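Note that the chains are named A, B, C, D, E and F in the order they appear, and that numbering of residues resets to 1 at the start of each chain.
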Amino acid sequence: MFTHQKALQFTSKPDAPDPAFAMKLQEVLGGKWGEMTVALQYLYQGWNTRLPGKYKDMLMAIGTEELSHVEMLVQMIDQLLDKPAPMSADDTTGSTQASEFGAQNPQHTIVNGGSAYPHDSNGVPWSGAFVTASGNLMADFTLNVTAEMQGRLQVARLFHMTDDRGVKELIRFLVTRDHMHQMQWLSAIEELKADGLDGMPTPEAFPLEEEFDEFSHTFIQASDGEAATEGSWASGPAPDGRGDFRTALIQATGEWPELAPGDPRLYGTNPLQETKGLIDKAKDALS
Amino acid sequence: MFTHQKALQFTSKPDAPDPAFAMKLQEVLGGKWGEMTVALQYLYQGWNTRLPGKYKDMLMAIGTEELSHVEMLVQMIDQLLDKPAPMSADDTTGSTQASEFGAQNPQHTIVNGGSAYPHDSNGVPWSGAFVTASGNLMADFTLNVTAEMQGRLQVARLFHMTDDRGVKELIRFLVTRDHMHQMQWLSAIEELKADGLDGMPTPEAFPLEEEFDEFSHTFIQASDGEAATEGSWASGPAPDGRGDFRTALIQATGEWPELAPGDPRLYGTNPLQETKGLIDKAKDALS
Amino acid sequence: MFTHQKALQFTSKPDAPDPAFAMKLQEVLGGKWGEMTVALQYLYQGWNTRLPGKYKDMLMAIGTEELSHVEMLVQMIDQLLDKPAPMSADDTTGSTQASEFGAQNPQHTIVNGGSAYPHDSNGVPWSGAFVTASGNLMADFTLNVTAEMQGRLQVARLFHMTDDRGVKELIRFLVTRDHMHQMQWLSAIEELKADGLDGMPTPEAFPLEEEFDEFSHTFIQASDGEAATEGSWASGPAPDGRGDFRTALIQATGEWPELAPGDPRLYGTNPLQETKGLIDKAKDALS
Amino acid sequence: MFTHQKALQFTSKPDAPDPAFAMKLQEVLGGKWGEMTVALQYLYQGWNTRLPGKYKDMLMAIGTEELSHVEMLVQMIDQLLDKPAPMSADDTTGSTQASEFGAQNPQHTIVNGGSAYPHDSNGVPWSGAFVTASGNLMADFTLNVTAEMQGRLQVARLFHMTDDRGVKELIRFLVTRDHMHQMQWLSAIEELKADGLDGMPTPEAFPLEEEFDEFSHTFIQASDGEAATEGSWASGPAPDGRGDFRTALIQATGEWPELAPGDPRLYGTNPLQETKGLIDKAKDALS
Amino acid sequence: MFTHQKALQFTSKPDAPDPAFAMKLQEVLGGKWGEMTVALQYLYQGWNTRLPGKYKDMLMAIGTEELSHVEMLVQMIDQLLDKPAPMSADDTTGSTQASEFGAQNPQHTIVNGGSAYPHDSNGVPWSGAFVTASGNLMADFTLNVTAEMQGRLQVARLFHMTDDRGVKELIRFLVTRDHMHQMQWLSAIEELKADGLDGMPTPEAFPLEEEFDEFSHTFIQASDGEAATEGSWASGPAPDGRGDFRTALIQATGEWPELAPGDPRLYGTNPLQETKGLIDKAKDALS
Amino acid sequence: MFTHQKALQFTSKPDAPDPAFAMKLQEVLGGKWGEMTVALQYLYQGWNTRLPGKYKDMLMAIGTEELSHVEMLVQMIDQLLDKPAPMSADDTTGSTQASEFGAQNPQHTIVNGGSAYPHDSNGVPWSGAFVTASGNLMADFTLNVTAEMQGRLQVARLFHMTDDRGVKELIRFLVTRDHMHQMQWLSAIEELKADGLDGMPTPEAFPLEEEFDEFSHTFIQASDGEAATEGSWASGPAPDGRGDFRTALIQATGEWPELAPGDPRLYGTNPLQETKGLIDKAKDALS
């Protein structure tokens, strides 16, 4: 169960409205790697894991914190939209000239009346498909590491796209928490291994004897970029401790399948002989 | 530039058509973590990286291999659809009883005439939003690890949902390559660090002095699950080697922002006093 | 800022797993009118309104409560998925026969490993486009009334689609809260009027003298269903107290516009004369 | 059955092309609350209602009228695109400087050759998910009220974003019809009640004795904004005439559910003891 | 401007409810190639073409007719849903056993209360992206031919998936109109040529001297399927009358581009030397 | 199976970075009619056709070539993004002034770090729904003709939106290949007919005696644009050689269906009498 208090976890006031930057900031609110995604992803992972205890509790804690980040970003975007850009050629009341910083999101004014929404920096709606909660914590925590890396990368880039001290302060807070959360997931991955809950390759429980040995440690070269085989992934010990990497050129070992002629009732294009027969059959079937 | 040969990289023939399993198999072809995603993600990452050499060449190799996996899955689904399920109550020609294995995808027959398409197991279209190529290889390789974990997890699950030896053989091939590819990305991550190209936290180049020290190693407890602080992410050294984890209860340090009244021309609900004045202003503006 | 406690606001234990009903229940979790929508819609409306005080505070309260409903639904779906349905024809371990209750969502097992996700009952992802926070509370509260009506309608329907007492108990709770929340929004609408913040037509601040009198109270009959004019919307006083309803047959008062020939560089199909000239111009433009 | 005449229901000629405003105007054509939505929503509601007579006939009338509004908006956007903006830095033929009014939609020229399409002001396609026709007229008419409010709000905002007299005339027409249509739906709601077809809470036919009394009139405070309880929704008579509002702090009355360990064939992360046993079981199952 | 009459263009009554077939029939209502698509596509093409006269008038006629087909399909689906399938295991009132014909769409009951909606046979919403109106009639009429082919193919397939005489009658009507409409577009294409409005290649107005001669009639062989060069597209006269087809193996004539190092403020992975320098620059930029 | 070589099929170097044109060029990479669509559409058609031989081999050849076009476009966009536009008001390092050429895609920098992605020119993700592979080659080859027309139209338009010689060279190559591919599909259509595999109307195998004669060659006039009947589609021989075109005014020959009252458990709005009875029944059903 959730409760809410109106004081924010952290906040800062922008120096001035900036509707063009508000459009950009939508990316880390409602984009694929934005705060909406991590908040809901961690909560769904926490609710869904069938393993009680520290991992579940930790997921609920961080998911709830990320909800508070969603809140902070919405509030910041709202303040950046305190004054809309000039509305028409004759309008001299806008806070900034539209052309100075680049384009603005027309929905910020027409649809939202000067406020944020769960869409990305191009106005494409956030999608539930962004959330992954697979039930396997090793696979999901690895996703969470990259989520915090992609997120930190995006706010680091935004840091250089504004000169507003208040906005920068919020970005610095987000950069810092993304730093912490990367560490958190990396530690949790090691702990999953130490607790014997999963390992490499993930899922470790799948019986390795079902795998094809000739393919399990072989880097397959399918392009002509020769440097590809200079990496540690092409020779030497593999990180699973189960063998050494090998290299092979890609090879076609399978046949091109002959597909059976289609059911005549599907009216696909069929081998000539068959087609004529099938048409007759289809006609018969109708009578 | 790509070239194609008709022989498949690997293939196996299903024992019998099975349209219900064909529907399920769409997930690893056209779902968020399916072969379409990894093929295109690795290719975009390879094309886009501004770093020439082994990483770029390797990305092109593996992306091209994954295209060949897309091909194998399409061919398998096509063969599973060699005979559609019974089309109506009176139809006794179908290869299998619809109710035996569960539902089938109506678009497999109505739209595709008995063949595969780039959609997931519920018929939702594959989306370009599934592809991430951020330009930062550390963030992207970490995503690639999880992509191979999620993918291996899904095919491992599908392994238990069919008794067809031919289908299982293809699944075993995919499980094996997902094993190899997990190893490949893990090795590449270590190599990025060894080459000094990036590190923890990612991106490492962002100046750490801009971070807020009190938040960079602090696990924030926002839920009441007490076990959350028992993990290694709540105390002890952090994996970045830059300090020890701390724990703190979530605290509201920011104020609830007072938003400025909206522009009257946006007709939002405004503070009462202002509203009346704004209406007059709006009317004036029209005259 | 949000905090979370693990005890649920309300809960009940299902009598038995039922993966087919779990698929149906996704509608009120991740469908257009599900709990994800109302939780996020009320929170965005609360964050975004530029009017401080009782409306803003109330929005934050109800939005936070709805988050707790999201949590309860996820937990219920997870328990309904405690045992998956039989996985293949030979599998006798499933909790229920797939064919008994209808189809199941293949992603519940393949993707989520037996758990819920923010998608609707057909597996289509939840969309940020479902959230509306226009900045105008009258328009938004009216949307909220219908959201609670559509939501109550859907859970009332689901009430008859299961015989499980535990599931029914949760549904009864949701039906009850949807009852309360309808009342809450209806009261808030009256209060907005009483406070003079908006009225009919909404937005009331737009100057009525800009409207065309002949169209502002006229029911326009564009179909031949004669009963249409028997309703109170076709004659008698209108609810805005600004006049009486009238009825008129739809009439074409405007001309079919003559569009200017297209720019030759867009290669659209143009009037014959112009086309030939335009081709020459386009060629000239290239030299 | 529909018939069409080329004369428009109402029209006006823009003073001059304005591709930037054409982009904005797409919102009320192909956005969530645009004319595409109301036209199709009213028609689907009319076709689908199982109640013959005045409501059904009225829905067909207004749905058909809205189709004529779609037509008018398309024609207006087409004329605003009569001349595209300058195409490149050297191009001096464009009707307007791109930077004057803000950004333009690149698809207006590249894809449509200078014309409108069913997408919103950011170029996101219109979605069938925008249409709701639930079969319950009370719930749907309430949605229709808000649709006309959101629509009127958006055109009222657009009114201030252009100085073109012709465009403003069309907007004034749309503002007027949205006024009328709000009145129409409000009257119809009252008539549904008077006819005894439904009431509050909607749907009224669901047996109230199945509700939990302690939750049916209780405003639950889940945030710390104290003003929330000052509203009429927190005390005093509720609009359903079935009791008085009460207020209570949110309380956790349910337990955190213990989820059963997952099926080993789904390879989720399971309780440690079980995991080891489950791995063995999974391996056995394969032999 | 549109008007509507309640009598349908054509109709037939189904013998009995059949919710499973109702789900399938959604494909030709709200799928990519369904009636929603052709109705709106033809209307947008008609509204948007800048060429007055017979083509524009014809587009308005056929678009309006297709609207009447949308109406017929909705009415048919509604009648197929007259009785829902059994709602739960204990329910013996349903019109048909769910398992007999395959799965049903849960939204047909939960969301729509027993009626149709603008979604496809898997419940994925219709998208505005399905509509193309490019402004070039040759390109669009060719699309319209395929739209009628894909549509006729789908209803022809559905013809074999039901034994209901009433449903089959509607399908036969649709098959017939799709026949006519294919002929209509083919004739219109010839007329566009005869009128000199466009030709091959389309758009014909683009100056051919800008093309590369060595590529304009060359079939490029990029796969090893040898039969590919046996077709008329590999040798002999091309249909544009501008030369003969040739065949060539695909050849790489371009270089692999060296991308410039990225801007340090984007934190991408850069060439090693540069990276170090760039980090310093980035730090400087912050001070 | 695919292999890749790093040399490009064709390439050219842009004169200078141009992030605004990079945004526009996304349309022909990741838009509905872009290279992603044709590459994947031809490959799926090739994999899926059940007819072995020249058509299948040709589809694999052209699909593979289009993959190489995807690669070229990505590389071009990457080079156009070699320098981002100015990032903020104070930034004087950008390669171009944002306002000169129009808006830029914020995701090009924030998300992709200066590179391309599979989205259209408005940043909307590419969708698997863009691909059609129906199993019927006549219907699909006709779609392929229009795909090459729409594609050629779009690059022809883009040709006029840049002054960069290198970019123009790539566009000229694409225009040329779209020319060739139009010819290729037109030849293949004729060959399908000559081979007796399908004809007009498509699919030809559907028994024409099931059609309604009075509707199979009748142009139905549903609008009042009189020129509509002046075309060759309204009189004279039809291209199927099966009769002459006729013209008729649209006529309502079907009745408005009376829908049965809804199941009371769906709580739709029902005929008054029935409603009262149904409520009682619903209540009984619950006891």
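Going forward, a contact is a pair of C-beta atoms (placed from the backbone, for glycine too) under 8 Å apart; a residue touches a chain by one contact, two chains touch by 3 or more.
Because the structure is a prediction, the values reported are computed rather than measured.
The chains touching chain A as well as chain F are B, C, D, E. The chains in contact with chain B and with chain E alike are A, C, D, F. Matching the C-alpha atoms of chain A with those of chain D calls for a turn of 120 degrees, to the nearest 5. Same-residue interface: chain B and chain D share over half of the residue numbers found at their contact. If each chain is reduced to the centroid of its CA atoms, chain D and chain F end up 27 Å from each other. Here the spacing of chain A and chain B, counted between their Cα centres, is 6 Å. For chain A, the set of residues touching two or more other chains reads 1-9, 32-33, 50, 55, 57, 60-61, 64, 68, 75, 78, 87, 99, 103, 109, 111, 113-114, 122-125, 127, 129, 132, 134-136, 138, 153, 156-157, 160, 203, 206, 210, 222-223, 225, 250, 252, 259-260, 262, 265-268. Chain contact summary for the complex, chain D toward chain F: residues 1-6, 49-52, 55, 85, 87-90, 98-99, 103-107, 109-111, 113, 122-125, 134-138, 192, 195-198, 203, 205-207, 210.
Chain F meets chain B in the complex at residues 1-9, 30, 36, 40, 43-44, 47-48, 50, 57, 60-61, 63-64, 67-68, 71, 74-75, 78, 111-119, 125-129, 131-136. On the side of chain F, the complex with chain C involves touching residues 153, 156-157, 160, 265-267, 285.
By the touch rule above, chain C contacts chain D in their complex via residues 5-13, 32-33, 53-58, 60-62, 64-65, 68, 72, 75, 78-79, 82-84, 87, 109, 113-114, 124, 127, 129-130, 132, 134, 136, 138-140, 142-143, 145-146, 149-150, 152-153, 156, 159, 172-173, 175-180, 182-184, 186-188, 190-191, 200-203, 206, 210-212, 215-223, 225-228, 230-233, 238-240, 245, 250-257, 259-260, 262-263, 265-268. Residue ranges of chain C in contact with chain E, taken from their complex: 23-24, 27, 31-33, 99-103, 120-124, 153-154, 157-158, 160-163, 222-225, 250, 252, 258-262, 264, 266-272, 275-276, 278-279, 282-283, 286.
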